[in-house]
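Structure record follows, encoded as structure tokens.
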Amino acid sequence: MKRLYAKTHEWVIVEEGKDFVVGISDYAQIALGDIVFVNVPSLGDKVTQGESFGDVESVKAVSDLISPVSGKVVAVNDALLNAPELLNSDPLNTWIMKVSGSVNEAELLDEATYLALDKDH
Amino acid sequence: MDKKTPLYETHTDLNATMVPFAGYLMPVQYPQGILFEHRSVREKAGLFDVSHMGELHLIGKDALRNLNTLISNDFTDLALGKIRYGVLVRKDGTAVDDLLVYHIDEDDYWIVVNASNTDKDFEYFTNNLSGGAVIHNESDDWGQVALQGPLSEKILRKLTDKIPEAYYSFIQEVDLSGISCLVSRTGYTGEDGFEIYCASDKVTHLWNLLLKVGEEDGLVPCGLGARDTLRLEAAMPLYGHELNDTTTPLEAGLKMFTKLEKENFIAQEALSQPVLKRRIGLTVIDRGIAREHCPILFNGEVVGEVSSGTMSPTLGKAIAMGYIKAELFNETEFTIDVRGRLLKAERTKMPFYKK
Amino acid sequence: MASYLLNTNAQEAEMLKAIGIEKKDLFNSIPSKLKLKRPIDLPQGLTEMEVLAKMSALAQLNKVYSIILRGAGSEHHFIPSVVKQLSSREEFVSAYTPYQAEFSQGILQSIFEYQSDICELTGMDGANASVYDGATAAAEAIQMVLERTRKEILIADSVSPEVIETIMTYTSCSEASITILKTKGGILHEDVLKKHLSENTAALMIANPNYYGCLEKVDELSRFTHEAGAKLIVYANPLTLAYLKSPRACGADIAVGEAQALGLSMAFGGPYLGYMATTNELIRRLPGRIVGQTLDTEGKRAFVLTLQAREQHIRREKATSSLCSNQALCALTASVYVAAMGPVGLKEVAEHGLRRAHYFQKELEKIGFKLKYEVPFFNEFVTTSPLAAKAVERHLSKYDILSGLSIASHEILWCVTETTSKAQLDEVISYLKEVTQ
Amino acid sequence: MSKLIFERSVKNRRGITLPEFDCPEVVLDYETTRASSPRLAQVAEVDVVRHYMELSRFAFGVDNGFYPLGSCTMKYNPKLNETTASLEGFNSIHPTQDPSTVKGAMSLLSNLGASLCEITGMDGFTLQPSAGAHGEFTGLLLIHAYHSDRKDLKRTKVIVPDSAHGTNPASANMAGYSIINVPSNPLGGVDVEALKAVLNDEVAALMLTNPNTLGLFDPNIEEIAALVHKAGGLLYYDGANLNAIMGEVRPGDMGFDVVHLNLHKTFSTPHGGGGPGSGPVGVKKHLMPYLPKGTIIDEHFVENTKTIGRVRSYYGNFLVNVRAYTYILSLGSNGLKEASEMAVLNANYMMSQLKDQFTVAYPGPCMHEFVLSLQDLKDKTGISAKDICKGLLDYKVHPPTMYFPLIVHEALMIEPTETESKETMDEFIKILIDLKEKASTDPDYLKNAPYTTPIKRVDDVLAARHPVLKYEM
């Protein structure tokens, strides 16, 4: 199991034989501030790596969520509908969707590289 | 007490001579005189205040049927935007008035009548309309000016392109410098020209506007005097003279405007009878002017009387219209008794003047 | 000339000195080549007396009818004195959009109450603080229902032409495609709807009562629309909703419409009040200002502009609507009206219209104005006319009556409200007899 | 805070009484009618009056005090405007009345349009758009129609400076355009080199506010106009800041093809707590054939076969337009120019008194407004622009616009308008300086401000996370 990051601040857990698990980084939640709403995809939606799969809304901004993987949405985290603040309080343990499909890992960063990048922000 | 048109002050400011006419104080002439005004209309253009005319509005699903019942002409094929002349008649065929009918819209007609008869006409319509039709008197709402003469169109074109092309047609809501007008290609002078209607409170503005844009073309204000000589040359009947409560349209020679074949015509029977008198035109040969009520003699016997007469400015002769016994309609030589003087007069084909 | 300036010449001089500039140099940053080198070609200013005289003269050039039998999107209703008095309070009139919540609780609460009124009448979960009018509300609603794979909007042709035209303009440069569905006998039929519904359909929009006053079979249309996975937008006059089943109860996902009937004068078409309300599912797609209830730092109930992240000042080009100014004072007026009328009064206003419209229709029928659509209607209805509709209009005008709207050469769309009594309707009938019998 | 009107409700209490029913009952299908009455407030007229009087005490308008809200032009709203807008001849006319029966309204709207043409140097106006953003959308549709009509279909982009009002890009998006943001130069004006770099045959228009959102007149406007026109694009003028330049310079003379105005700013119509406004759109001759259906010019409805269609019902916010026309008649040619002069003088005066105390985003003469940056203050004391604004509330003045334009950090945008006196401005200046001192001496005091308002700072996050948008009846 490994956690990879997109430059657009989403993470994905890649584990052999399992669905991809997608969320947003700690940096993203800090930048957004208090998250008030997460617009999640529907079960069965097709997502494409590098394209928007939903958005996340804070008091002061709405940001697109960019999918780090391609495939079909097999699960969404319904808890976020009523408790979007979970993304603020525990971003790395709060997943948004699970996807069955493929990933082009060359487009993503490993944790160390991403966190190093984070420092430059 | 005589009424005033909205233009009364304007006329007095122009130093017009004001006289009572049809219940209104109207300008008979402006300082340059009737002859000047008359010639201006024949050669260039003249402007008349005719705000005193009556405007009636006939509406109803049976409006057309009522028109055909009460008015001598047949309006069945009167298209929208067109105008038709007719005589409002009683059952016995006598004329209540002569008038113009405007086809404003479906089931909706506008009738322009003589000032002196407005109330009489309104009452006559009200009492005689049948089925779904009603008449509204809009006379106080409207002002009217008549722009007459060969240069009329040129003058009007300076203000609008919406000019009714055909004689006896009209266009509604023509904007003349912000004044909404109904422009009608009609007149009472025997010349091309327009009668322009607008809200009565706008007519002063309209009058001044037209005089201003027409000035360079020789447009001048004209009074009732010139209006009378002009219409006489054109042999147009004037109610109270050629027409009255005892005259029928056929006697007045208005056969063209009297359709007996139509259904439900109130005077169909009366007007099918032979007529007893006829209107004729006369040119006075001896020096002198025949006036209204002068007896007309044939072979020394009084056979009728003059209804209107004047010295024709255009022809330079005294002309007259009058009624004679019908059986003398084909005679050519008559005598007119002008306050004891017997003047020779010659039967003349009407109109006396044609443009 | 009127002037609303305060500074005296002496103060002006002091200020210029403080700045260190001469008055003529105030506009030096404008290239002199561009400057207007003559006075604006308008008349000199007038005094208050002169302006009032001029404006009164203009107002008098407009004909005010004593009986108004025309609606078609703008209705004549009685407006209680209390409505005008309260809605012209300067604190409301001269305030800006309530960005500073602590300073604007009065405005915010009035909008919250308005939203609550609209939600109660429409049965919805949330409403916005208003948009320009019913037509723009309908056009904005289209944006709310577009999905990636669903871009087609079906609209019944019984929706007001002004509304449809506005939608066409709004969507002319967007990805939505509009299909107008033909109605039969005054209402939309399910077979027509079914023929057009597809997996690309985003929504069906109907009006109820519709432009012709007819009541659509909303429940049925709703069922088929939802079965196809599309949304239902219902355009409704909120006044009728005091009597009729709410759009939500009929299955609508979005209710929009013109709320002018709630205490606003006809005013030659504006300002009016477009309302928009929807279910929780779509609430975050609702455009424009929205007031929400929250708490202040001491735990007291407070109201605040919320869900602003969707709005243009934050999302800029990603916003789906650029709504900024709305019709807040009109919304306040409507909520004063609703409060003054109360649920019973509101229902009575609606019922007066309903009863009198039906009475009038029956009387009209007797003199040859035949009901065009044989379906239930509310306070508006279409009749044929035995004479040209325009001629009817000109005739009634003579008696100071504004006739129904002529929607075809021999068709009239009538509207009856609580402002016209039975006795007055009888009078109208007697005038109509003049031109029909 | 006040009770909600619903909390004042007492079962079976009634307000307005209506006449008895005089026509027979009508029974509609059970399926179509309400099962029960709506659960609205049941209150008496007195309840309604007291309720709204209380709400009015918790509202603050320009009639209550100083309102230097930048970019919003909160000038005094003359009472005469309210009198004329309440004339029966304007209120009781139906929008579909025959034009011959509403000549006063037709004439008023035509004259207003003509006056706006003269003030802005444009050729024709539509008064249909009901707000600034509505005007922008209309203007962009006009631009779209113009290019389409010329079969110039490649133009899919609109250039918007990063200092622009948010409505600009949002309206352009609604009109189907993609947006190119161009950076501002240090003066908040258009960076001409950056503009050149993005101009090409795909650009439909450039949207500009001039004076810009920093309150500065863009001296390069002629060059900018020439560049955009040369590239085949059109120039759109956001008239939010017209109050600075009436009688001095006209958008039409600067080269703009389309303008929108905000009558609720420059022409003194009240804001009403958010509306109704009026956002008329003026165009040069070449765009007139596309003006919306429902536009009235020279007392007639324009009949354009190439019209973009209508952008709302009827002819716009008529009564707002009545107010604006009243204002134009009152001030006249000279008064409008004097208003702009005083607006600019007042702004420069305030800036001159504040520039040593705060960082001015751009020092030097401004137009009708100017922007302060409180970044330094925040760095030193932790007190933000928002804290200062909340502190102002306790002095019963409305705070300036904060956090706009986006290109200035911790921005406070101040627009005094012409209808304020030197005394009022001096007082405000003193308060602002006092608050600045307080930021150093007692920052916690400011962080908890305001103190005298009916409520304290509100929880925005709670409101947005769990929206409560209506009273639970």
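List of remarks:
Chains: A, B, C and D, in written order; residue numbering restarts at 1 for each.
Here is the rule we go by: a residue touches a chain if its C-beta (ideal position, glycine included) is under 8 Å from a C-beta of that chain, and two chains touch if they have at least 3 such contacts.
Here the structure is a predicted model, which is why all the values come from computation and not from measurement.
Centroid distances built from C-alpha atoms place A farthest away from chain B.
Centrality annotation: C (chain centre taken as mean Cα position, compared with the mean over all protein Cα atoms). Note on interfaces B-D and A-D: more C-beta pairs are in contact across A-D.
Centres computed as Cα averages put chain B at a distance of 60 Å from chain D. With centres defined as mean CA coordinates, chain D is found 38 Å away from chain A.
Chain A and chain B have centres, each the mean of its CA atoms, that are 91 Å apart. Chain B and chain C have Cα centroids separated by 53 Å. Each of residues 36-37, 57-59 in chain A touches at least two other chains. Along chain C, residues 308-309, 314-315, 318 each make contact with two or more other chains.
In chain B, no residue touches at least two other chains.
Taken as a contact graph, the chains fit none of the simple arrangements: neither line, ring, star nor complete graph.
Working note: touching chain pairs come out as A-C, A-D, B-C, B-D, C-D.
On the side of chain A, the complex with chain C involves touching residues 36-37, 39, 57-62.
Residue ranges on chain B touching chain D, taken from their complex, read 173, 175, 178, 180.
Touching chain B in their complex are the following residues of chain D: 99-100, 103, 107, 298-300. Interface residues of chain C, counted against chain B in their complex, comprise 368, 386-388, 390-392, 394-395, 398, 409, 433-437.
Those residues of chain C that touch chain A in the shared complex are 284, 308-310, 314-315, 318.
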